[in-house]
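In the two complexes that follow, chain A is the common piece, with chain B as its partner first and chain C second.
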Partner chain A sequence: MCVLMSIMGTRVVRIEDPVFLSRGATYTDDLTDERLTGALHLTLVRSPIAHARITNIDTSAASESPGVVAVITNADLDITPAVLFAMAPKTMARPFLAADKVRFVGEPVAAVLTEEAYQGQDAADLVEVDYDPLPAVVDMNTALDGDVLLFEEAGSNLAGALQDAEFDEHLFDDCEVVVTQEMVNQRLAAAPLEGRAAAAAWGDDGRVTLWCSTQNAQAARDEIAGWLGIDPAQIHLIAPDVGGGFGAKIGADPEFALVTWLAKRLDRPVKWTETRSENMTGMVQGRGQLQTVTIGGNRDGDVLAYRIDVIADAGAYPRLGMFLPFFTRQMAPGVYDIPKVESRARMVVTTTTSTGAYRGAGRPEATAAVERAMDLFAAEIGMDPAEVRKRNVVAPDKFPFTNKGGVVYDSGEYAKAIDTVLEASGYAGLRAEQAARRERGDVVQLGIGVSAYVEITGGGAFSEDASVEVHGDGSVTVLTGTSPHGQGHATAWAMLASEHLGVPIEKITVKHGDTDLIPRGAGTMGSRSLQTGGVAVYNASSELAELARTRAADLLEASVDDLVVADGAVTVKGTDKGVTLGELAQREQLRVDTVFDSGAASFPFGAHVAVVELDVESGKAVVDRIFTVDDAGPVLNPLLAEGQRHGGIAQGIAQALLEEVVWDADGNPLTATFADYAFPSAAEMPSFSLIEMETPTPLNPIGAKGIGEAGTIGATPAVQSAVIDAVAHLGVRHIDMPTSPLRVWEAINTATGGQS
Partner chain B sequence: MSATVKVDMTVNGTGTSADVEPRLLLAHYLRDVVGLKATNIGCDTTSCGACTVLVDGESVKSCTVLAVQADGTSVTTMEGLEEAHPVTAAFRAEHGLQCGFCTPGMVMASVGLLSENPTPTEREVREGLEGNLCRCTGYHNIVRAVLAASGQDPQAATAHPSRSGA
Partner chain C sequence: MIPVGFEYARPGSVDEALALLTEHGEDATVLAGGHSLLPVMKLRLAAPELVIDIGRLPELSYITVDGDEVAIGAGTRHSTVETSSVLATECPLLPAVAATVGDPQVRHRGTLGGSLAHADPASDLPAAVLALGGDVVLRSTRGERKVPITSFYTGVFSTVKEPDELIVEIRVPRTGTAGWAYEKFNRRANDWAIVGVAVVDGRVGLVNMGSTPLRASTTEAALADGASIADAAALADQRTDPPADLTATADYRRHLARILTKRALTTAAG
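And then the complex of A and B:
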């Protein structure tokens, strides 16, 4: 490396921001592309009933409404229902508009196309659909019973199952202490501030340009092509600025394909932007697991056996959510070296919104379960929960460590992470204050929650493409297959290129999310981007610098070894003789295309301490402080990495305390707006205390692991445990999330028989 | 809908005028009639604040105001802030934005907050921005940005009060 001072590891402010903070980003609904001139507005008529047979649809009144160009129902479609996930049963395919049945509130039933957006809402109200209601299936155990089937031809409500062998009835035979707990890892809405949106325009060349809000343009292109039965090469898919995803925008939604089909059918561009109420029932949701967890060990604090039995909710039409228990099983033992571990998962369909990825996607569910189990075990043997954890973590000399879920942890310092966060939080002092409050019988009690976690990042796709090109004017273009939606890749990838080329980041443009420009890419999810796509940019830039030196050697009649690349030029060491990269690019294209394959996932880890204040009279808990060690290896840009941690921590606090998607027994959504869903504001959050720790992975040259989901995975159990810990002296051992005031109050009353 | 109504309003210092449906929301007037796309719409229940703009200097959620109600007023959107405005500068310096969708509303709500309370405490910032939702930042850096924009040291202003004597 020939740069004097490294840009890596420095707090570089984002180059995205000047536009984002002046005219604003350009999301799909903001597009003014001329290809969308005269676009029709799509309004979807959605089912208000969870489970019903459709007996009739009358579109005549709607068709006469002002501005209506077409009203389309299933009878007009020539595309077959889509299997929304490769492993989903073929019998559980979803029609693009409901055919004979609806299976969740929010399922699209008819498409109304109008000249103006407001006209669509008027006309949609005039579409008359006759429903013959069927019993809703909301509860996962009810779904498993199979008395009411969502898909009669499937023969059951089971979308899939994961188990290596039957459970061993002797698993806990050696244990002095065994604790079992049923837990709910509740359904959550991803709720990115920008909902789903798509716009399609077909050209005379038989190709369609499709703009949509997605985390991976290339996969979305392929998915839509598959659903529509067309060649992926016919689709030019562009992800403009994307207003948050959190996993829920992985791939394409069936609505995107419908927009594409409608644009072709009506021979006009079509635009669709969902409302928030549509989003809260239509966009995939996260979590949704019933867990039965059993932990056993001896009274010295050694955990000897652990079992987790999961029922996971796939929602009405199985999508990625049906696969996520795979990760829950892999990560079941977490940071602990437990001799015997068993797990099973069964995934069921219910008459609710489909599930998919949401920040953590299967791993927070594993961590929440094992962390609660450690607390229950600690309480049972009367040992400090931090002490029990440290006693059972994987020792540093055991890496690479194959866990009982069959995955290989690359590197880790778990006990050190716990010690570090305990010290930063002043753990002993907190315990002393807690004891004092308990002694005094204060109304506001202190709860302290400790969590330790390890997670999988970069586990979906190990490979990523990058191209780096220097232009004649000295500017640089980076093409990446990753697809940022808030993470700041334009800045981070520019830093990686600048590191080798010495070109200021302001002269480096990072392009992504355009399938014509970048035909191959796996997008941004699973905290994969830096350790795959970022490393590809880093390597491509390094190779480009070498290429520049080789070419400059001929030109300058110097030895390659005497040449350095710095400040966008190649110079002969110790002289002012040199040539700029721009000049080299003027002579011959100066570009490198490369692929980086990490070959394996990486396993970032950490430990959190949450401190809550809980009013025992109302049951209301407030997070007072949260301390987090999140070790994802060397940090490229602390500003961005901290931002990722902050967002994750907030979503973890939100799951532990506030959020839950709720349906009534008839399958009616009770949290279908932001007025009803407990999305936290700044007033519900504390400032966060982050502690640095960096343990590199050997899997890539910069040592980086993923940081995107760490906060969520660590904070959720820390906060949940803190709430329970605040009332543990009253005899409470477990409270399901969200630990709402009502649940806390009920738990206190149950534990004390109303005598507290 | 049949009859239209003529509205006149100043948007970011420039006069605008249009015949609009009485039901047209101010947010849609700004986005679709005037063509200023920074103002986003993130919900349909006045909960998220992504559409926050200033009407005659006061921050309002433009998805809950009809264009006709804003007739004769002066509206400021994020596009109308001067370059290097202290609030936008602080949002950048403190990394107070990620995906950017809540940002125009968050920035305008912050401008409104600081005009009413030029040196707020951390708690006052958090409560003052309660009507603006962000899914990306956990609010940590947004709060720091507003404190910094008010001329305070965000590190000192968010320091946790001592527990001694608690």
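And then the complex of A and C:
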């Protein structure tokens, strides 16, 4: 009698890492594919001015520079400006090279093609562009006023608006207490280790092979085909190793299309790899919301009404970022069962870098707002913020629960999550310690921040393809439409296949990010991969095991019911009679192609407690400890899930304490280097205390939800709240993120009426 | 970004380096650790015609006791300063300050002479040498001169060093058991100081409180007159002209200078 041990739920070490750690990855810039032999190198001349009319471009000197093959401007293009997101106004399309105007620092103005990469910048420096400066529009309220328009033909700076009905002036009539706060959810840079890169080579067959750094090859293919006006089938798009994305590499960038067009135009392969400076102004950035939040309730702690009014920054050319307030509105009430909820979002264009997705993408903004509101309400009525939260969360017997944003929460145990994290953190003891320090008037005060969250995962696309094939040698190939760029799908998907086939994961190869091999796929984003693509692999492997049993039944002259699949073979129960999967594959192709459709998004949830130590003389806060419950259902591989939580928490702490993309009033970027853009290192991180909790979703057979963004969504408000809590006894109620020492010091001064 | 094209020379001795400096003058730039020079070259903010790499000259790397002073070769790496047993005994402020520069990778490349020559008012080590009252030894084919650190700096990124001169040595007093402390205030461990305060033997050096490293002379005078630490520290921002940037307003820097000076003086008083 053999006992079948499940590989699922075990800490399998990442099988992709030995190559990354020894030979190194093969990023787009590292490619040595023979189709790229003799490739030209693209260097882009980028605008140094935020908003200006272009009166003249002189390329003559650049054309004479060593190694220059071509200098291309808008006048040479035969492709129309790209509408960078389906919902974006047609009047706000972006030319692939600036035409009459530039609208942000970093906008491509001319393309320089050289034989060698090093020749490019010398030539680019010789392109003379005459600019007639226009006023920059950096502030979102200024953009809304519309005195200066980015796109005259659009008639306003509004890229879009989302509102169900006019705000109800009586929304808060029943409330004893009403608190309003304006807050900023600041702009963030994704800053992946690998920036953007593309390489294109056209073949004699009229097809182009395009390698680029993307989170979803298939969507990038379709987007580029649309922009260039060609058939998607003409593009063979390959995502090689991708060095991080965090949402900023969703789909294609216009530069990728330009590379493709240039390769055709010049009849030579073309390569482009951006510099870090280009990345910090050219790659889409995240967040960027001004929020006016109003919360009302009674003095017993019941929240009765909530309103959030958002102005979101789309940047110069509207992209995915203009859509994300849709998620912010959906998730506006968070984990709370609030009787009346209203929201509005207006998306404006500004003379800044375009916005897109960044870890959480619309949901952290909702969570930060409602969690701050809960704190403000708790402070106003003098109740413990954890108590107020527990009093207002959705009760466990109400699931599936339709929230006031109109989405259905599949499953949740919100009060339990809060209780669990409070207990793990020793919350009562922390409050006692805080009281003692306040009593003593210590220089270093303790701040305790509590957050509770629910978010949307797998919400972008519910369906995903998978193919699983056993080869004659017994090895297995998995094809997936997801597109890992650090997440560990090579390991996780092999585990899912191994679960049903009993083949060791070392013999399972996971392939992704190649549109000829895998024509359909929605890629990796929005914490969707396991619950869609992973489940598709799980189901395909299960179906493959069934197929193998059926075929083996004929071969072994046995009943299907007597056959079991284990260790890569089909055997007759209780005997040593059997046939390996490899032998079956030698007789007839042994492959299953399947599609899994979850039909709906899932809603993981959790609660965080952050503890900061804050020097009230200098204003500097240091995160001392963070405790998190992140419930995304049953965990396939705890090692991978913990890694996702660690990274997410780190990025949450970063937003709360450190990071912010800043422009001056003229639209000049002030945070375009890693010296100025303050993303954290390990030295700024506390020890993470992760607490396990697993509430399955009914939406898929393994019960899994997404874990990729949870840490960010929960940690950001917990840390922000902890910083404010540390100085609450001095009268401070709110500090915008990042809660820098300067801001904390200024908040203390304002609250105490002078210099501390 | 790729820098503008340049010639590269790696002289085998200080004399060879000085000959190159004499020949090329302002068209040449000296490369030691490279952590300041290479980024500005890659951003094309600097485009020297000739880069003279002195990073591998052993004759510039030493730490020796010489009378009442410790002589440190200009090419001595921060990591070497940080771990020097001689300095730990003779001048403990310096290794403590070196340990706060950047991160381990930076400290294994960056040199003391390079840091002083770069003259960034946000750098730690110039203010430390200023608090110590050290000297900078400059050499050229014309000869050698010793410049007190107090008259070395002339402005942001500028010093009295002539284009044909090379910093060859830094001399600091043997402060021994005299009280010392360094208070560096930044947001991230590897950031430049928003404000830093180096204290040794009653002298106070300020980082990032003006266009050059500064001495908190009013505080020092008050201390000499017997003022309390609190009263003296409250004067630390006098005769400073702190910059305003993303991380701090001028007022905030003044505030930080006062509280950090109080803390550093308290620590130094043991």
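Rule of thumb we're sticking to: the second predicted complex is superposed on the first by the 751 of 756 C-alpha atoms of A that agree within 3 Å, B and C clash if a C-alpha of one lies under 4 Å from a C-alpha of the other, contacts with A are read in each partner's own complex, and residues count from 1 in each chain.
Throughout what follows, contacts are C-beta pairs under 8 Å (C-beta built on N, C-alpha and C of every residue); 3 or more make two chains touch, one makes a residue touch a chain.
Being a predicted model, the structure only gives us computed values, none of them experimental.
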item	value
Touched partner set for A:Asp231, first chain B, second chain C, both or neither	neither
Partner chain(s) touched by A:Gly486 [first = chain B, second = chain C, both, neither]	first
Which of chain B and chain C A:Asp473 touches, first, second, both or neither	neither
Touched partner set for A:Leu21, first chain B, second chain C, both or neither	first
Touching partner for A:Val13 - first (chain B), second (chain C), both, neither	first
Partner chain(s) touched by A:Ser277 [first = chain B, second = chain C, both, neither]	both
Touched partner set for A:Glu692, first chain B, second chain C, both or neither	neither
Chain B versus chain C as contact partner of A:Ala683, first or second or both or neither	both
Which of chain B and chain C A:Glu182 touches, first, second, both or neither	neither
Of chain B and chain C, the chain that contacts the larger number of chain A residues	B
Common interface residues of chain A - those touching chain B in one complex and chain C in the other	117-118, 122, 275, 277, 673, 675, 681, 683
Residues of chain A defined as touching chain C within the complex	117-118, 120-122, 125, 275, 277, 617-618, 620, 657-658, 662, 670-671, 673, 675-676, 678, 680-681, 683-684, 740-742, 745-746, 755
For the chain B and chain A complex, residues of the former touching the latter	1, 21, 23-24, 28, 31, 35, 37-40, 42-48, 50, 78-79, 81, 83, 88, 91-93, 95, 97-104, 107, 122, 125-127, 129-143, 158, 160, 163, 166
Contact footprint of chain A on chain C as seen in their complex	1-2, 4-5, 43-44, 103, 185, 187-192, 194, 246-249, 252, 255-256, 259-260
Residues on chain A engaged by chain B in the complex (per definition of touch)	13-14, 16-18, 20-27, 30, 32, 117-118, 122, 191-195, 241-244, 246, 275-277, 429, 433, 485-488, 625, 639-640, 642-643, 646-651, 673-675, 679, 681-683, 685, 687-689, 711
